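You will see two complexes here that share chain A, one where it goes with chain B and one where it goes with chain C.
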Partner chain A sequence: MMEARIDVYATHEFGGYRFRHGKVLPFGATLVDGGVNFSVFSSAATSCALVLFEKGSGEPLVELDVPPEFRIGDVYSIMVFDLEIEDLEYGFRFDGPFEPHRGPRFDRNRIVADPYARAMGGRDTWRSEPDWSNGDAYVHRSRVVLDDFDWEGDRPLELRTTDLIVYELHVRGFTADPSSGVSAPGTYAGLREKIPYLKALGINCVELLPIFEFDEWENSRSHPATGEWLGNYWGYSTLGFFAPKAGYAATGSLAMDVDELKTLIKELHANGIEIILDVVFNHTAEGDHRGPTISFRGIDNATYYMLTPEGWYYNFSGCGNTFNCNNPVVRGLVVDCLRYWASEYHIDGFRFDLASILGRDPHGAPLANPPLLESLAYDPILSKCKLIAEAWDAGGLYQVGSFPAYGRWAEWNGKFRDNVRRFLKGEPGVIGDMAARVQGSPDLYADRGPGTSINFITAHDGFTLADLFAYNEKHNDANGEDNRDGSNDNDSWNCGTEGSTDDPGILALRLRLTKNAIAMLMFSQGIPMLVMGDEFGRTQNGNNNGYCHDSELSWVNWALAEKNAELLNFTRGCVALRQAVPMLRSPHFPNALGGDDRDADIDFVGTSGTGQDWAGWNTVLAYRLTERGREEGVPGDEMMVMFNMHWGDQYFGLQPPAGGGGWHVLVNTAMPAGGDVFRRLDAPAVEGPSFLAGPRSVVVLIAGFGS
Partner chain B sequence: MSVTIEQVAAVDVARVTGSIDGKTAPGVGTALQPLLDGTRNIVIDLSDVDYVSSAGLRLLLVAYRKVQATSRRIVLAGVSVNIMQVMSHTGFLPFFVLVPDAAAALIALAEAPS
Partner chain C sequence: MPLTIDSSRSGDRAVIRLEGTIDASSAERVRQAVDAALADHPAWLELDVEQVVFMSSAGLRVVIFAKQKEPDVKIAFRKPQPPILETLKKTGFFSAVYVIGDEE
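Presenting the complex of A and B:
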């Protein structure tokens, strides 16, 4: 066959490398017929060179000065032929002014990584000790990837938002412990082996802590007392937005991380499980003016970062710098990045770390109509992706309920966490808030629906669920910062003694409170989120800020699944009930005008069965959910939900179900294993016109079914 | 890297020695081409292969699909445990039929297709 193109030939040659003017788009390194096209933006550079390396080699293969005539606008592009890409690493050397007070910080002595690098070398085996001898070496090297993965018909699942049950997990921590029993602990492949567990748990969405390439050695240190390695385990510090964390791949050192991650995603999808990525666009790993020059700083400092008029770095992230998300060029990078992950990796959604920063202008002022958030909300490729905001930042912006949503953005509902925690430990004054939380927070999201509310009680950041009821105070000494780090406001309760105990009364109370928490999550409208291991009592020994620990402290101990089988079975049971009762997953708030026939109406009935006592001292809340009915003659579901957060027993009066058939018990956390959760068809009938709920317990009844 | 080819009964057996990576894969592809263009079933014997890179796995998969597209059959023989693990992690494993060695491959190909 004749060559179809007439422009695939070299016009220049240097050092045995043949090249020509490249295509300006797409940015980054792209495979083309017979070669690789490289394209990179810099508005302030005076020259650009492409530096090619053989993998792992200190000396470059060649350094190709990009001829001035290859620049169009602010974009340098060069197409290089006959490259063996598998062992190829590349970077750029830019020349330009070093005038920090004005913005630019060029350093022509350094090679910098491509902001669009699809893969990065340098940290491809987790915690492999770097060579520290040359501080100026080019470490985080850009790589070229093969993008011909065979998806065999897979695509993002597009599950209805309100049907999601999210499970937040850390790729390494989920299986790193030997108790996981997987063949490749701590990797994408290891997580893939645990898919049957996730499926049995009943969740249908995993949210991964950051998997964009980061440096686990960033700010690494030894604990002054114990000598334990402390580093960046969580990964909230991005080196490259387009590159997967290579060290999370069993095959990372073989440069097959892209295929391994895609294989994981394909198999999650085949099992009906969506995948949401926790993405960190608020800052980068380059830190402040004292930080390393890795990529952005050395390419176009004033474009990529928010700078003060004097050229210092604004620090709305608490991590030294702030990514300049509403600069039009940076906005383009963020949109390109998310489109890439959605289309090339079939990612189902994104959770944006400190997302309020994405709504600030280049000087840090909050925008009423942030262009980036609007662009993402209306993007044609991301239109079915879940977009979830952590609706605050470290600069004091708190936007839970007011995040610029464009009808698209959901939020981590911090108020759900705070109200439920206080309610769980029996504090007065929260039943009014709780009434809103169980409905999906219509007070916060009136015009947006319960699908806006990601309901959570715990997250990676903070106490685990088990620790929430075992510690009054944080215990972060293992972090080596004299217990100064981590939040002091935990709304936790140790149930009588701080930390581990063998007191059966305290242990029983802790277990019951944990079950109460799981039940409140699963029976509230909105989208529940569990954290890995909370379903079987994972502990961090009271540490509420485990970011630096790559150890048993932060890993899932799978032996607990057996030890705490009662809690695991209870969680599975509650997840299954949520799936079995459609009105709990309605996209409309209870009592919504209009809506669908599977929506719920809600009545707060209190202990009398006829009306809730809203007095401030009250710690008891009871309500009735009634599905509006499915079709003529077929009654909808009816449920009674009773939260007795008081320390004493509590009688609840029951009005009979409208559809007849009597009440049946689905959940009763005052009962031991075997009596705490039932399948719908096995639910035992309630005798009499009232129900006696035990101290600090949750009871859920359903009408019509059961024995 | 080297590739030797012999015909055993009605089957072409290609024995690869060395590594199949970005550098050597084109050579392996060239050596296999007559077999892919031929009419017989194929065994690719990897008993003496110590490493298959991403490019190598892609070469094998492309070869595999070309043969299947002509209603012939192809099996991989003697894949080491390490390589098999990499194939598993990266999703390549389910696409192939693997047998322990060339002798088993000939038996597998002699049986009626499933």
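Presenting the complex of A and C:
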């Protein structure tokens, strides 16, 4: 055994700190024998200094100028020995030109954060008011992280994509309300306490709104009328791509946020639940030329950002700047980041916010073969990760169905949302589109399969499901922008009166439409996504842009789970049925050539039972799904799915199931609790050759097994 | 508050009695004490933390260290103060250790 390695001795000393030339890779701060290795890139700097702090102290411990001989290429690396890493914070001071018209915006007076910082200080307790008096001080300090978490054999679950049932949630909003009853509201630990609830709901994947470190105080303000605090609650504005949001950890102030998050992930996995992160690589928190210099701008502005020929910031994100993702250096950072989260945090997949930006070249033009998207699609470490694109951006690119996918990328299916919303209201002219949506959108994803289609009706951005049927118009006054923000195209319907009501007829209709929506999600091919609280009627009082609210408006009110138990039970029932009928989760489209035994064939049978009427005015759609059969002698499942979006009753003719056994009712949204959803084993038989579906209802039948 | 460490052994149980504050500067001494205790292969490692008023992440990491070094050794905290118990719970270490009170 070697007593002492000879490659880790100090060659330099300054101010009592011993150091030497570091390793250029990996970037960031890494623990090495007896010290910490720091490595950072800048192509335009004239010098670099490493600034070390003791946590909480305003004055640096020491500032170490990185000697010129420590630079290789454009990378400065320095290894420093004998550091107390638990209390260590660091940053860099770069010198270089300030020539915005050419690109560089160096500021020698600022200390900037490491682009690879594994943890960040400054915001480690949620909404703890910053000290505004110290203006330009270095706030978002980089920290060193230990990778010694005990995973107890855990690894990403690698569930089959088409088996996923996704639940989108905001870590804070999910349990912040006292009604959540958890011991650490609004935190990773709080979410961990709700795992039994998620399991009982039946979902097997949570998609977390951004948990990379961000500043909830960014653009914070008081509502002009109410005085309410408004800030960056959603978190779509990244400070550090490698650092978890410390303020989401109950133990953030103890610098245990990494462990708390990893514990959450380990326990979700132990319960069969995957974790997808909503990641924001399209822009950073530095904004445009008026924004703060936190990291990238002060390190290599022209590399990290898309700039106009005059040196202004392109704004394809709608947030001031655009991250220059197809620059090879930036691309490397994105790939390193995702590899880090997949390997160090066991993350199962990523949903890319405004992903179309990732397919633009450094001048903003859409690329036919974007290097970043290709790199991610073929990355050896990410090969089992789910990659999901929000296939549009704020610069006008809309690529649902045409996102450069390399056979690998899935998409938020915006057309599913739009078509289903219009169909649910009983609008004519959408049954043709609906025929494609229920099949997993083969019109959009013919070469990729239904696992490409993330089917959703609501998302964090927009109305909640309950509000979709309670409001014709958005009501965003609480955002303090005179109701100008948020989408105006919601395809919503208030069912007769705007907002809350005690009219039993309207309430019953709203509940039925909500159940119809849940049923359409759960019985369509593709991957269904629910939003937190939609399963029991969460409302934002008609606000369709809750990004700035850290309050009851945006939090889940768990009292509704009891109040709206009927909807919750219905949702649970539909989720369970999706799990119980394999052909709904097939990785191949219905009627696919070849395929597997458990694939489905589909026949659109309409109200006659023999053929669908495709007339544009028609608002009734019915189809039959037939599983191709299992082993010899065991018949496959057969289902009848009937959508009567018309305001009157509708008879549907039934052809008997090919395998015999007669039809049994799984779902009938025209029926009250107790009759609206059944387990397969309890499904009541249908009498006679037709079925009378109530107004605006969804009915799902299944063939009984030989009984 | 300085940290005092008192190690002893009774049967299959190694006991480390701690008093004071466990932070980044004192955690290394705790780690050495744990290391020494584990060298005797006890069945139980008991950390008596009744008189510990504060334990930082550095202190918690000593527990991780012990568990990773000797996964078969059962680790117990004796009478942790409420804030320490809370931290154990929130970070998830609670499920990996035993917490004991007066009765044992």
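Everything below uses one rule, namely that the second predicted complex is superposed on the first by the 701 of 707 C-alpha atoms of A that agree within 3 Å, B and C clash if a C-alpha of one lies under 4 Å from a C-alpha of the other, contacts with A are read in each partner's own complex, and residues count from 1 in each chain.
Criterion: a residue touches a chain if its C-beta (ideal position, glycine included) is under 8 Å from a C-beta of that chain, and two chains touch if they have at least 3 such contacts.
Predicted, not measured: the structure shown is a model, and the values here were computed from it.
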Clash or fit (per the criteria above) of chain B with chain C on chain A: clash
First (chain B), second (chain C), both or neither touched by A:624: neither
Chain B versus chain C as contact partner of A:84, first or second or both or neither: both
Touched partner set for A:184, first chain B, second chain C, both or neither: both
Which superposed partner A:263 touches (first chain B, second chain C, both, neither): both
Which superposed partner A:297 touches (first chain B, second chain C, both, neither): neither
Which of chain B and chain C A:255 touches, first, second, both or neither: both
Chain B/chain C common contact set on chain A: 84, 86-87, 146, 148-150, 183-184, 187, 189, 249-251, 254-256, 259-260, 263, 266
Residues on chain A engaged by chain C in the complex (per definition of touch): 84, 86-87, 146, 148-150, 183-184, 187, 189, 192, 249-251, 254-256, 259-260, 263-264, 266-267
Residues of chain A that touch chain B when the two form their complex: 84-87, 146, 148-150, 183-184, 187-189, 249-251, 254-256, 259-260, 262-263, 266
Complex interface listing, chain B residues touching chain A: 21-23, 53-55, 58, 61, 85-86, 88-92, 95
Contact footprint of chain A on chain C as seen in their complex: 23-25, 27, 56-58, 60-61, 64-65, 67-68, 86-87, 89-93, 96
